[in-house]
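Chain naming follows the written order as A, B, C and D, and within any one chain the residues start at number 1.
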């Protein structure tokens, strides 16, 4: 059953057709990868999904509700979390505080005036954050200021921040971009483990085919804003159209 | 204690102690001695210390935590003051309704201005708040004269007839707390020392302690973390399902209410309001106080407020005569030279010292006076128990 | 360990305090039992000189301070005695006030009412000042006067020209020697009519605050009584520095006189603009275009330089006056500081002497006694001829000087010449005059404080 | 109609003052990312360059004139000017008369030097510091500069007239078909307007057509990249600071005859210049100039008698009302770049 369904989405920027009639179904408990050469419209699509952009036409339905016209924070509250290409974390705050914020957001909603209660007394939230941190092996860094961590740790922290919200759909925007080989492997392992343990639904944009093929259950290939093919990884591997699209890119 | 952890409780106790014993602490020099000039333990200045302390604490909740630099905060102080004086003139001479009224009006005004100004961020936000405050000032000074008294401001007059309990003998009503006047105080003579305990001061001090306590609670609350998140990364907040603007608006309103409280207390202590209270220099002073003390720290803004008010009220009163008294022990020529030299920094040149202090502090103590205090305690080789900062101190506000 | 012991007096007092709780008023110092605030001891008395030391009026404040220092010197028997010898009341003998040496404290009003009150309160609460004096703007004067009323000390206003100080905001503890907007209008209008004729159309530019309003009102009323017509009046922001957009429309407005109800920097800049736009050489309605500056001061004239030549205005006092009192004052001030005093210096010097004299005549420092001695006090020899401190509103009534910018100044101080000394009868008004707050304005009760 | 023409002239004149100051401020604010609260003080220092030049040129010695007496009755000491001793009566008088234009020559090296010293000695250490620290240190500096001026020159404004030859008026009305004396405008203000135009044009030309300027503009757009190219952008930024100071200084010199210099003018201009820069949009030089003229003209119109009588007090607040309106309609001011000073 598709938890996210994109139908006939169009988006133009001036004369440029960024997205043309994109259809996409992300099925629950699967990992759906979106690949394509640069400028294929992957990021535009992602921005439509999280409410940053509003498409000119088409529909995006998440769990039976349209997300179009909703603010990013509302879409998050519906159960969609996003990991960015460059980690978006609260750099000035400690790791623990970074973790607590999504916990509160999940429990209290978009805004709550909880100005008198002490954070120390939020035992449940602290426990939840700690268990998530230990899941990503960062419990020992809980009092560290986030900006002082390595890039890989920042990425893991961001992922943990998304996961602690128990999202129904996790969007990953090139989660391994700019990472060293070993870090990439770690990330893949982490994602795999989490998927196995939590039964998470994921949509991932990725350049690295290695990552794509080790994680994805289904792949959509975008080229110049149009969906080219949608199929299983095995079928995509040898698909002529995909080759063409990528080779075309290489020639340019 | 009271839901604070050990470190905060210690800090709280230290602040309470300082505030209660301020009449002693601020009057260290015996009457009549040359150094008595430096005594600050008289009601007016003590009241100003705590009132501006409240103002800076409130400002710090906005600026220190969210990083939003309001350059029009004096407007809330001003409208709070006007609200309070009208309450004294029309409703009752009791200060409690006046102060409550000031808080409400300050908060409401902040809500209106914040709602509009928060559509922008960074310098654009600062200029919007500045523009609103300057408009308020200009209008209070001129067109709104019937409401604000214009340049001459508002005072209580003998013709005022408050709804409840005004004086009947034609004398000028005085602000009071259930009959006890703000000016009441008693003096304690110990040897050559005179210590003044003033009712108004202790009321203001109580308000400051409450304000400070509330500020600690806010700093340590989930709300406080959210405000620091606003400063750190609004984008991530949005994608975490949170509304940074709403959080900021609440912080803005809270700090507006603090400013209103300060304005109300100012009127309660000294029953008059003038429009200069809303001029941009007054807003700038609040900003400078907070940065000077250490933005984002709990106690910093209070220190900053105290030191600026101290310089304003003490340095400006040192004239050549006083200097001659100080240096009288020197030979004549040297005495004159010293007087001429010292005169550059005091009396009518007190602004000069102020400017130099700003520069020195920011150059050598990037975290403000709080950092100076930390370095001092570090130098004396013991871990200061009352570590006055919190984690936000390591990342000065922007 | 005598230091740690309570002094005898202290013991008595703390004992009393314990009984009385918090009901003792604050403005109470060493001798609270004498029944008034800050009663001085036997050897000295402290006066508080509260003047602008920073901000645009700092120079005026500095001049006031010089005059205060001179006055203190004279009261304590130093220097040449200045006006003490010409003052019609002869009770001051150079031994301080009631035998107590005069000491003083100074403070900075910053020309802000908040700062001025903070400074005055510190003088009263910390330094034990028995009288506060000074200031260079009406906003500050009104604010500090109200404070002194509340605290129970005497306020001797410095330079404040707005009607309100002794009009709608008059207070029993406050006294003004300086003249006011009404007097300026009453003195200036006849001279203007004589000089420029009665068929004139005036255009007012008015500083958009209290003093501007009362001055405009006064000048309008008195010039209209002479037959002038007011074409237009425009309010200008206090913070304005470039007045071009206010001056430019004047020439073609049908007016032939421009009245600048501006003071200090405002006046210097608006007059400079007016001269730049050629208003001084212009013709309108077949007559020479004229500019009038109701309130002049020498510092302003110096700031405006050449531009003041031939322009009429009024002033409280000018150093070129030839009477004995003025001469004596100019001599001692000039000898001490090397240049002649300004009108601000004069008024503050006189106020200090008048206060000392009143205390001496009353035989008490108690504010109510001093006020009584000042009320309806007539004196002479202080530079303005016969003067009356009217009891009804605590305003001095004396001759008013109409001056104009000198065509050929001989020095940098010789900028104004006295055109006419308007006799006091001509500037007299009823205490309940509508410009003065009408019948509602009252002094209230005098307050002794403690 | 004639009144509208006059107010447009006034607006252009005010606008050129605003634009010139905003331009200098943007050079610092937009290029170096430093919130310079001392910029108004630099303007004031420029104005006092004019005062000092005029004082130096009219320095004199005293000669006792026995025939006249001073206020104390002593023989009058008459000032005799050195320049007249040296160059003769007429030439000496002319030199004193032209003090303000001559002051430009004094102010340029002085202000550049002041800018260098400020940047190297102080501001340099604050590039990486938070804006709050920059505000505090430059505000402190502004106070100190102001107080130094007050110490030597007092608080009273000091008359600094333009040369007599430029003190006249131009009658535009005659050219435009109105009668004489309908639209007259002071000559010095026109000089100021054209002079500002020339300065603004040269700054733009400098940035547009010189290699130096191109590097600086690239640095404004993306400082890190230019740094990576191995260009010593810091040295150039030091020069930029000197240039900005000089622009503020010249603006001050030329403004001295219009508004008499006083030590408070630095603070008077501080807020206004920030409003102009922000309304123009952060990091945009054309924006700063445009905003200067827009606000100048609107302010002039708002102070017309008809407008003030219709809406009392509008002249007090118009700048702020317009600033708020513009910032609400255009998020980054008139021509601001995204991401500059937005956080």
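Methods note: a residue touches a chain if its C-beta (ideal position, glycine included) is under 8 Å from a C-beta of that chain, and two chains touch if they have at least 3 such contacts.
Just so you know, these numbers come straight off a predicted model, no measurement behind them.
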Request  = Enumerate, in label order, the chains that touch subunit A and subunit C alike.
outcome  = B
Per-chain Cα centre nearest the global Cα centre, belonging to chain = B
Note = Per the C-alpha centroid definition, the whole-Å distance linking subunit A and subunit D comes out as 53
Task = Please compute the C-alpha centroid of subunit C, do the same for subunit D, then give the distance between them in whole Å.
result = 35
Request  = Between subunit A and subunit B, tell me the centre distance in angstrom, where each centre is the average of that chain's C-alpha atoms.
outcome  = 47
Inquiry  = I need the residues of subunit C touching at least two other chains; which ones are they?
reply    = 54, 58, 62, 208, 235, 237, 239
Note = Multi-chain touching residues of subunit A, meaning two or more other chains, are none
Message = Could you pull out the residues of subunit B that touch at least 2 other chains?
response = 138, 141-142, 351
Ask   = Of all possible chain pairs, which ones touch?
value = A-B, B-C, B-D, C-D
Task = Flag every residue of subunit A that touches subunit B in the complex, lowest number first.
result = 50, 71-74, 76-77, 81-82, 84, 88-94, 97, 100-102, 104-106, 108-122, 145, 161, 165
Message = Show me the residue ranges of subunit B that touch subunit A in the complex, using the header's touch definition.
response = 3-5, 217-218, 220-226, 228-229, 231-233, 235-243, 246-247, 250, 254, 391-392, 394-395
Task = Within their complex, state which residues of subunit C touch subunit D.
result = 54-59, 62, 208, 232, 234-237, 239, 241-242, 244-246, 248-249, 251-253, 265, 268-269, 272-273, 276-278, 282-283, 299, 302-307, 319-320, 330-331, 334-335, 340, 410-411, 413-414
Message = Which stretch or stretches of subunit D touch subunit C in the complex?
response = 2-3, 6-7, 9-11, 13-14, 17, 68, 70-72, 76, 150, 154-159, 161, 167, 169, 181-182, 184-186, 188-189, 258-260, 262, 264-265, 268, 299-300, 303-305, 308-309, 312-313, 315-316
Query = Can you list the residues on subunit C that touch subunit B in the complex?
reply = 2-7, 9-10, 13-14, 17, 20, 22-29, 53-54, 58, 61-62, 65, 104-108, 112-115, 117-119, 121-122, 125-126, 137-139, 142-143, 146-147, 149-150, 162, 164, 169, 208-211, 213, 235, 237-239, 440, 442, 444-445, 447
